[in-house]
Amino acid sequence: MTAQLAAYTTSTGEAFQFWVLGTIAVIGALCTVFMKKAVHSALCLAGTMIVLAVFYLANGAYFLGIVQIVVYTGAIMMLFLFVVMLVGVTAADSLKETIKGQRWLALLCGLGFGTLLIGGIGNASLKEFNGLGRANANGNVEGLATLIFTKYVFAFELTGALLITATVGAMVLTHRERTERAKTQRELAEQRVREGKHVPPLPAPGVYARHNAVDIAGLLPDGTPSELTVSKTLRDRGQVRDVSTEALSDLKALEQRAEDRLERSNSGGSNSGEASK
Amino acid sequence: MSFPLLTATAVLPALGAIATAAVPAAKRTAAKWLALIVSLGTLALAVTVLMRFDPGGARYQLTESHAWIPEFGVRYELGVDGIAVALIALTAVLIPFIILAGWHDADPLETGSKRWRPTQGFFALILAVEAMVIISFEATDVFLFYIFFEAMLIPMYFLIGGFGDRAHEHGEETAATQRSYAAVKFLLYNLVGGLIMLAAVIGLYVVAGNFSLTEIAEARANGSLHMATSTERWLFLGFFFAFAVKAPLWPLHTWLPNAMGEATAPVAVLITAVVDKVGTFAMLRFCLQLFPEASKWATPAILVLALISIIYGALLAVGQRDIKRLVAYASISHFGFIIMGIFAMTSQGQSGATLYMVNHGISTAALMLVAGFLISRRGSRLIADYGGVQKVAPVLAGTFLIGGLATLSLPGLAPFVSEFLVLVGTFSRYPVIGIIATLGIVLAALYTLVLYQRTMTGPVKAEVAHMPDLRVRELVVVAPLVVLLIFLGVYPKPVTDIVNPAVKQTMSDVHKKDPQPEVEAAK
Amino acid sequence: MENLIALLVAAPLLGAAVLLCGGRRLDAVGHWIGTAFAAASFVLGVVLFADMLGKSPEHRTLMQHLFSWIPVEGFQANVGFQLDQLSMTFVLLITGVGSLIHVYSIGYMEHDERRRRFFGYLNLFLAAMLLLVVADNYLLLYVGWEGVGLASYLLIGFWQHKPSAATAAKKAFLVNRVGDMGLSIAIMLMFTTFGTFAFGPVLQSTGDAGEGKLTAIGLMLLLAACGKSAQVPLQSWLGDAMEGPTPVSALIHAATMVTAGVYLIVRSGDIFNAAPDAQLAVTVVGAVTLLFGAIVGCAKDDIKKALAGSTMSQIGYMVLAAGLGPIGYAFAIMHLVTHGFFKAGLFLGAGSVMHGMNDEVDMRKYGGLRKYMPITFVTFGLGYLAIIGFPGLSGFFSKDKIIEAAFAKGGAEGWILGGAALLGAAITAFYMTRVMLMTFFGEKRWQPDEHGNEPHPHESPKVMTIPMIVLAVGSVFAGAFFGIGERFVKWLEPVTGFEHGHPPVSALTVTLSTVAVMVVGVGFAYAQYGRRPVPVVAPRGSLLTRAARRDLLQDDFNHVVLVRGGEHLTRSLVYVDHTLVDGVVNGTAATMGGLSGRLRKLQNGFARSYAVSMFGGAAVLIAATLLMRAV
Amino acid sequence: MNPVNYLYLAALLFTIGATGVLIRRNAIVVFMCVELMLNACNLAFVAFARMHGNLDGQIIAFFTMVVAAAEVVVGLAIIVSVFRARHSASVDDASLMKL
């Protein structure tokens, strides 16, 4: 009777867990798609994956739940983060669409696909849930192991080969053979001279002593900021702080203050003078 | 299990093609000799087939049958009747001459030319074509036939597009453009035909449940396989379309002048004398046997088209300024005769058509190869660039004249026999068409003699004044063809004896009897 | 004995093969080889003739079956020979005159570097012509028929470095092909009517076939005869054919080949006998041509072309006679034989004149040659007397009989045909006298040519004059030999049949009027050309003269209608093929190209766009699956 | 609650992932979205395993994970090398197929 029941419904606890964590998972997924920065996307995805791990556990897939956390959230997502760091922030991060009609088509297709998929599931007769009680009787890991090493042994061996190949492939793809000697500092300097641009080192960021932070562009004599002074990554991220106006107003304030002080001294002087007069 | 002679006949040139292609580039001459020897070996095998074939025996002989794709009932089935034997022999006879005539056609050009010409490839491709043509003649499985019917296009495409005449009157750039245009046109025309045929082949499978020509034909004959009239007609049209493109029948002919004009003369011979024959052969073997009722239904229309081909091709040949295109249009006219003979549905017509296939192969080969020798000497295909060659190179002119006379069906040369049989066969059933077709012989005389007059006679032009006469190699090519033309013109009995029983069979397939002479009918 | 027939044909054929394939090393002896083979053939002919004479008239036919040529279901063509009196006559004429002309050519072609080839062609011609006359069925006859056409083509165009010769050769072959078309249709008709085309079965079963069919066959045979024998409307090639060397004109275009049409009609006599309409057409063609040729002959200044016109006219007589049925067949052949002698003699004479006159052919530049070349003058003169029908010479006997037979046709037809023939005789006398007077009489009119070479007329060598003498003897005595006692008629009767014609007036009256019109014709010619000097430059002449000079405008008609029209037709067809037939295909290709150009824009190279289409496709697939399940 | 809801959730996540693939230009994010889709499938497999009462679904999910891991490794390697060559991780920049 209970088994029967378990087939159709779940415990209230699980229902509660589903609705709460399910919401989080969907939000996480949406954030993955719509977050501007790749790091944020990665973090949101990691969150969704952890939620999914919990769902696996709830569905009796204990081994998979743990693997999900260890392999996916632990290994794969970290790999993503490394690559994000390696690649840095690029203009590709922008959510602005460049292909005409792409976004609308994508949303339309997504909507249609989703509707159809959900409609399809709704239509299917998925009433009977047998539950994993019997299958997990000897323990989930043991059950899986039995299957993997008997029925799916060939597939399993193949995945081994696949992983090895993937590893080797990744190495081949990312490894860059140096075919020529690296240029020395001197040679680089000479090249710069030959090309005739930026003979001296790139100008330093920062304006005056007050703002020497790397994200603040140096100002040209007319007061406009020079992009050259800020690193490319910051520029792509749009994290350059333009202080030209601020600096000008600061300057003005400084002059004002100096004047004030001078005036004060003047006026003080005059005052005193007056006073003395 | 006896020795698979038919397979061997097709496999030998195929292996030869591979071997020739594998010869290292430096040993160009060795590749040529290899190709020649292989083609002669194939000829020997074909002669064996001819010997082993018993004209009075079963319809299909030397048969071989193995399962190939059992899921679809596709079998590797070979067998030859008299018509196929004659055409296999023709192919095997012509290929050595084609190879020998094209001995220097694929040599690397002088330094400074950008064109790359792989010599081995040229000969390997010719052998590949030979293998495919031979197996097309042998296949009695519709699917097997279809595969090689289509596969032939690949080597032909490269032969047309890759190897043009050494010199061209419009310069190398234009020549390359025109060549690739011709090759693509050839490919597209034949592919379209082939695809429509593929649809019909599948349709046939759906209706009949297997691909075996013999089984289907037998089932058709004894009534166990019924086809709706419209189904039969559609399937017939599907098959016929492909064959009419290949043959080629007006108005599907325009690829032939381009292809023959741009290809070297030996390749042009390969196209018109060998490859195109598969089209007319297939009409006789597949259209008539598989769809006898539809064939009879379509006969009037086809005869009219064939008649148009005859007259139209001849008239256009008269108007050509290019030697090779002229021969191409003449071939269109001759193919009109062949198709007319097939669909006249008389013994004389069909025997004549089969004989015509053989004779046309030989006569066109003679004319075209000599024309090729002529063109290679002067570097131009334009008729106007020649004049007075007879005075300078009498043997070349003489053989050219004999080739021309064969083309205009002079009695005493082989094509006359076949042309007359076709005309008689057509006339006895369709007098008006027969009489109009007879006009073709006048037009044939016109274009041939105009060609001869403009190129060979008259004052000697300065450019041809030092033209050498035929060389030994060229003479070796032409002389046997001329001898064959005369021999088969005087004594065609060896061929007709082989062909007659097969034609009799075909006539009974379509349930047609020859019309009775009036005098006997009156009695 | 039968086996000799094949040898008869084979000998010259072998000669041709040897000479044409032999190459340069035979150059020195080629002409002797050619002549030897021709002579061998003649000897064989004589042997066969002697044998034939030894048998009774009904059993003189020899048959030889060689081999089965085209054996096809329901269609049996054999290579077989039939030698009867008719064929025998031709064999002797062909080999006899042929051998003489071979001998003559040895001298005539002496300075031609391609003499060996010339003899090869002559041998080829002999073989084809012999095949034509000894074949036992129409298809084999057709082989010979086209074979002589080929030989004629090769020989007319022998000096093919001259464009005019090459063109004339082509024209001859083409016009002949039109006639050949007639013959092939006739054979096809025979096949559908009788199921065979061997002489024996066809000619014996004419009674079983309908008259319509027979008339059709007859008309087609007539078309063939018109082509080969240069009868109106296919006569235009013969004049141009004179471009060939003169021995060729003598042998092929006067004595033998052009008479093949007459042979064909006489051979097919049974068919014509059963088809009176076809017979009438034959007589009409003959009568028209005999006048046409005669008129043309009057106007030509080229000696060979004048003789060609005469040939046309004389063959017109033969065709006319052949069209009269059994009353005329024998006379047609008799005139053919005598004509063979005197016309060949005339041509050889003309050749001899040209030989001595630096190949000048314009009679207006001759004059007074009788002093310079007496033998030629005498032989030519005898030929001349023979052709105009001077009493006692051969032409008199044969032509008179034909005129008689024409009158004997009876009714209005008889009067018209007879009248035409009589008128023809008068004109013949006129133009031949003209030729004679312009060439051999009067003052010398030749001048140095542009290179300053003045002709030095001289008699030809013996090798040329002897054949001329032999032929002249033939022209004098053949007629009398054949005609007296109806020897020739009796000889041919078993083959062609014979009926005595009954002219509405007595035979003597006809003969006398023939002689009378001949005298009138000669008188006219003398008045015009003998009594006053002949101008070197041709006067403008009357409208008829000018038209006759241009072959009565028939060539112009051909040129405008057939040549020009044909050129326009082929050119426009080339255009149509290029733009329309090819255009439809190329247009389809262009449309497809344009369409795919549009479709190509969808392939923008952005992976995400492709992903959208994949995703959309997946959605559509799901929708389709659901729909299928729902249905 | 009916466990079918897991399937709905899986469908939803899958669709979101797919839409993300189409919308984002950064190849790394596109990859993440692909991972999201794979995970959604895994959830469905696990739910199906529960439904049918056997472990085959879980096995498939397990294999998916393995394959996904391999794919990520190779894919990221490709992204890195493309980035090195073209200094861009935008999928739109790799449009050489465009005519």
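As written, the chains take the letters A, B, C and D, and residue 1 is the first residue of each chain.
As a convention for this text, a residue touches a chain if its C-beta (ideal position, glycine included) is under 8 Å from a C-beta of that chain, and two chains touch if they have at least 3 such contacts.
The chain list, named the UniProt way, goes like this: A = NADH-quinone oxidoreductase subunit J; B = NADH-quinone oxidoreductase subunit M; C = NADH-quinone oxidoreductase subunit L; D = NADH-quinone oxidoreductase subunit K.
None of these values were measured; they are calculated from a predicted model.
Of all chains in the assembly, those touching chain A and also chain C are D. The minimal number of chain-to-chain contact steps leading from chain A to chain B is 2.
Per-chain CA centroids place chain B at a distance of 36 Å from chain C. Rounded to a whole number, the gap between the C-alpha centres of chain A and chain D is 16 angstrom. Computed centre separation for the pair chain C/chain D is 93 angstrom, with centres defined by C-alpha atoms. Taking each chain's centre as the average of its CA atoms, chain B and chain D sit 59 Å apart. Across the assembly, chain D contributes 18, 22, 25, 91-92 as residues in contact with two or more other chains. Touching of two or more other chains is recorded for no residue of chain B.
Of all residues in chain C, those that touch two or more other chains are 604, 606, 608, 612, 615. Those chain pairs judged to touch are A-C, A-D, B-C, C-D.
Within the complex formed with chain C, the chain D residues making contact are 18, 21-22, 25, 91-92, 94-99. For chain B in complex with chain C, the residues that touch the partner chain are 188-189, 250-251, 253-254, 312, 315-316, 318-320, 346-348, 351-352, 388, 390-391, 398, 405, 410-412, 416-417, 420-421, 423-424, 427-428, 431, 434-435, 438-439, 441-442, 445-446, 449-450, 453, 456-460, 490-493, 496-497, 500, 503-504, 507, 514-520, 522-523. Every residue of chain C that touches chain D in the complex is listed here, in rising order: 600, 603-608, 611-612, 615.
Interface of chain A with chain C (complex): residues 99, 102, 105-106, 109-110, 112-113, 116-117, 119-120, 123. On the chain D side of its complex with chain A, the touching residues are 1-9, 11-20, 22-29, 31-33, 35-36, 39, 42-43, 46-47, 49-56, 58-59, 61-63, 65-74, 76-81, 83-84, 88-93.
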